[in-house]
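Each of the next two complexes has chain A plus one more chain, namely chain B in the first and chain C in the second.
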Partner chain A sequence: MTDKDFEMTPAAGNGLMDRRMFLGATAAGGISMLVAQPAAANRPAWTQTPGKGMNSYGSPSRFETDVQRVGIGSQAGTVGSGASRTPLEQLNGVITPSGLHFERHHNGIPDIDPDQHKLLIHGLVDRPLSFSLETLDRYPMTSRIQFLECSGNSGALLSPTPMPRTCAQLHGLVAASEWTGVPLAILLEEAGVKPEARWLVAEGADAAMMSRSVPLDKAFDDALLALYQNGERIRPSNGYPMRLFLPGWEGNMSVKWLHRIKVTSEPAMTKDETSKYSDLLSDGTAQLFTFPMGVKSVITNPSGGLNMSKPGLYQITGLAWSGAGRINRVEVSADGGKSWAQAALDQPVLTKNLTRFRTPWRWNGAPATLMSRAVDEHGSVQPTRESLMAGRAKGAFYHYNAIQAWRVGENGEVGNVYV
Partner chain B sequence: MSMFNRWLITLLYLTAGTTLQAGEGPSLGTPLSAGEVAAADITVMPDGEGLPTGSGTAKTGTSVYLANCMACHGEKGTGGINDTLVGGHGSLTSDRPQKTIGSFWPYATTLFDYVRRAMPYQTPGSLANDEIYAVTAYLLYLNDIIDQDKELNAETLPEVKMPNHDNFVWAYSP
Partner chain C sequence: MTDKDFEMTPAAGNGLMDRRMFLGATAAGGISMLVAQPAAANRPAWTQTPGKGMNSYGSPSRFETDVQRVGIGSQAGTVGSGASRTPLEQLNGVITPSGLHFERHHNGIPDIDPDQHKLLIHGLVDRPLSFSLETLDRYPMTSRIQFLECSGNSGALLSPTPMPRTCAQLHGLVAASEWTGVPLAILLEEAGVKPEARWLVAEGADAAMMSRSVPLDKAFDDALLALYQNGERIRPSNGYPMRLFLPGWEGNMSVKWLHRIKVTSEPAMTKDETSKYSDLLSDGTAQLFTFPMGVKSVITNPSGGLNMSKPGLYQITGLAWSGAGRINRVEVSADGGKSWAQAALDQPVLTKNLTRFRTPWRWNGAPATLMSRAVDEHGSVQPTRESLMAGRAKGAFYHYNAIQAWRVGENGEVGNVYV
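Up next is the complex of A and B:
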């Protein structure tokens, strides 16, 4: 088979094309995509006058003001005990703009004066220590591009009938950033962790004084005291001036506004690791400490609430991630899971980061069901909704990582469905 | 990442859990006195470590609850606009599991720890330790876990066995 042959060869049923098609198409120049033709001869108005001058902090185009966090909700009578979601279907690439990173707070965003904020490390250590932000700036730092996902993400898919929701409304409690900060191991080593220590209890300086127990092996493995997000100081909604960042683990443990670490031999059994963020099974037992986020993917485009204009060639794209490491492959189905085609992965594929996948699809105008299925480097396969729900108690919504299906109707409307 | 950082982190991983090596970080942390630690440390462990002096009973806790909690959590811990704190016993395997302090929580110490750090929602940190022991007792009493006259303090609170305690399994142990 020549290169040109596979360009036109279906990779799976109902119009899924080989993932290399777009790459080949550029070289061959033979496939016309549904894009606008180049502008006409007249100079556009904005080329006829000088543009605006510089400004001290940029913002998106005035034509992009509809790109906003969505699904903002808080417990009755409160404004700061809830969540806002990343508009996944309006973004591309893998890095989430800091201002669109999802939020999940338990009593609002504190207004922390960085000059008064200190990080305390005490408990089972040789030397209890306090660190100012200024001091921490002198420590060796490292950067990682990694995802953060709330353990309650996608919980709305427990609903017995599929809710008419967008991708962001359903799955927008995940985001990826470049996190820069001091490896927590350096600070723990300076304090001198005693041999009997196994856990640390992290506490935030918010009104909820959010508190979670973290195994010390994770702290020494890849935990970061994050000070910067996407190059600038962490935003207040993400933990300014410092937060814990635990790659791949449920977001709630990456305690924001971190101000105290107590090294212990046992977990503290805080409200947010017992009453909440534990997983109730159908037999009445509950699992504590289900830390890593499971392998998962979702097609962000086309997705719920969007409209396909007319039949033709489209690029299906979405995000895949695993709390256990790298994404190995993503498969896409356009016939409700009967056949699957392998999607192309944007490079580089980073450990515990969002991975962007893409695959060409020729939509013939008939109803179709789109699905994606991720496999990580350890061979873990994203489960079906049915197998995920088996054994769970009713309403147990944490750690929902099942395959998402989108139904494309004859009219091109896309909606959330169960298969 | 600079070569220096790469080397540093490799070294850290190799030496983690063993003795402190010189030169890992600039060692700029300021030593904390025992008093400074005690003032900041509000963590309560399941064995009671961290519980302050003070005491209270459900009787004294009733008024604390009415004045500070009822508006959001409802009369006697149910029917409020925020989390239900009472009831749901035996519901966990049903079609409508109701997770409350009484039906679900594994440790009584968690209640003291949480109320002290986070409640009342609008004015966290405003209650005295006696009031926190008392409202803790009141909520445990409403859940049929302790008697109305049972005095809770640093010794007796960790002894309270929660009805659902044995139904928790650790999915991770370090």
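Up next is the complex of A and C:
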């Protein structure tokens, strides 16, 4: 494929190429380096001496120590009442390594002895039950690869002027894992839910005893009592030894360190669900219980704080998700929203999971504004910042899912902008 | 559901229940504990004081330190010429945490500086090319969740008498990850493969310079130049900063620390492919180049070295896979192969990936022999040990995919047996 072929398959303005083209480029593409026909590769130092031995639990390369959770912050006087963020722009694919899964704790990470931990199911049930970890291991389980997003994710974008932050700093309160556990419906059926029951209250065994009310319909739909994350036992920062997992719903409802489920007829209006997570609307009211996270996407590369080395061919890539189901399509713009090209989606596209999108882009060296827009299987379209803000009161903070714009400057520097 | 209902839905002999039943059990099922209706759960110590703070890269609970790679062994006089195994019976789901992915190295793990690492593509090509990591990051990528299995996995089962080993010790040279990278076809097309080319030789930058010949058809089919594993950069023990990934084919061909691809007309007959990985057959010949791994399954729980605490309901679970494509079904026997029940498969079932199967089992306390048998989408059936051994010469070692049998004793102890 020659340089000319690229020019024959534009998909939208300012250099966006057809997603089916991909590269297949010759050296004319200007990415790889043409070399004289060599007999063999160089023999660098590490081919000359035996390497290191094996170990019982591996870790990343010493050259990757800058790949860390970012923006770790806690309320004054506490060490564990705050958040850390997933470094989205340093990762690829959709699985988030458990060591880099974002955190949001309300009073730190408890150090739970699994042999002493019990899950109690009581309230409006025929048979109150207590489950040990050993007991739960004998129940039928299932696995699902799905996302978890904090309802406060991207809240910094409510600032009236755009803040010079990275993708992780702005959007890093989202991650995806393979969650394995017992469908909550099985445990509730065993306890026998009474006819008047409509809700449950889930309570964590942390020092905040974080608790949220959950409609029983969700509990019987796709809720999981999660015991494993990405193959191994859930880590302490994600709820060890067990957490509630409510696919697609705001993250804090997936109560970590779960030790109690009380079946009720009404929501409990716990401190956690009344003091936070409500959306202040422009008509002066507050919207309670916005459970499913809205359809959303963000370009992770290029993104804020990164630098394009020189004009030429690049791959624009990012993540899209919807709390309502599968992503149907993602569109990308390189001209600030004037024209849009459909991106390729990595397969399989799973319900309530992160979906990786990719589109080839020839950057001509001039300033450009990159945006992505996701549409889910129900036809819900990711809103513009303008339309989202129109419905929100000043000080509204949660459930921000508007289109993100990144400005690429003439010098190749990338920054957060509003369009 | 009452005790009686269970007895009404058997799926095969000796307690195997219908996979669609699952539990939904009352306390009569004998698993969970009925409790008096309490006002609230206990308030254990960790709810009384603030928990720990966040950190930049997380780790498992201190109560999970026994979850490690096992059977770490190296040839005498070396530290890195050997293997470690994935602790299959301690994991769940299908994703293997990267820290627990099995290892097989031929001269240790090189400590590669990614800024100095280059991939060379040369030989029968129009344009020899050199790729830096920065260059490759601009190419189109894709992600796939797929397994990797060492061709020597399960080799201990060729022993004439069954060895008292765990599932990990016997079968732990298999794992699954989300692999992300550049389709190799794109890079080969850019280099321009000459008409007479049929093979490539892939060489690693470790001290063994491990190298294997790969048919070009596979390279153009689904081969990946993998750069990321489970979201983050591939770890040193898995080929940092890049490896070849050949879905479904014997693991050593997915050359780690890849630094050279030479396109050729014939296989190179490298030291690695002539001294190892051939199958000695009963007719006195040796079978070279057995690339795709056979259809296979293993029950991970219960399995060798584990102990059933008492009679009652359990979940039998395990992993199935095929180098030829998707798993079509898995059957489980609790009576040594006299009768078989179809197991439930966790969704989605992906091509050339591990598939998690599960089936409920009521153990009556008497000795029982558990087996699993996988069938792939092409109708290939996992062979019995007897039929597999019939075709092999004494000393044959690789590509063992026969049905595994675990014997549950009257005391609940589980061990490896031949049937």
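The criterion applied here is as follows: the second predicted complex is superposed on the first by the 392 of 419 C-alpha atoms of A that agree within 3 Å, B and C clash if a C-alpha of one lies under 4 Å from a C-alpha of the other, contacts with A are read in each partner's own complex, and residues count from 1 in each chain.
Rule of thumb we're sticking to: a contact is a pair of C-beta atoms (placed from the backbone, for glycine too) under 8 Å apart; a residue touches a chain by one contact, two chains touch by 3 or more.
Just so it is clear, the model here is predicted, and its values are computed rather than measured.
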item	value
Superposition on chain A - do chain B and chain C clash or fit	clash
Larger contact residue set on chain A - chain B or chain C	C
Which superposed partner A:120 touches (first chain B, second chain C, both, neither)	both
Partner chain in contact with A:96 - chain B first, chain C second, else both or neither	second
Which superposed partner A:313 touches (first chain B, second chain C, both, neither)	second
First, second, both or neither for A:63, with chain B first and chain C second	second
Touching partner for A:418 - first (chain B), second (chain C), both, neither	neither
Touched partner set for A:138, first chain B, second chain C, both or neither	both
Chain B versus chain C as contact partner of A:209, first or second or both or neither	both
Partner chain(s) touched by A:53 [first = chain B, second = chain C, both, neither]	second
Single chain C stretch clashing with chain B - from 26-34, 80-88 or 188-196	26-34
Chain B and chain C contact sites that coincide on chain A, given as residue numbers	78, 81, 107, 120, 122, 127-132, 135, 138-143, 186-187, 189-190, 192, 203, 207, 209, 260
Residue numbers on chain B that touch chain A, as the complex places them	1, 4-5, 8-9, 12-13, 15-17, 20-21, 24-32, 36-37, 40-47, 72, 81-82, 92-97, 99, 101, 104-107, 109-110, 113-114, 117-118, 121, 124, 167-174
Chain B-facing residues of chain A, complex	75-78, 81, 106-107, 120-122, 127-132, 135, 138-143, 182-183, 185-187, 189-193, 195, 198-199, 201, 203, 207-209, 211, 215-218, 220-221, 260, 262, 264, 266, 268-271, 274-275, 278-280, 282-291, 393-396
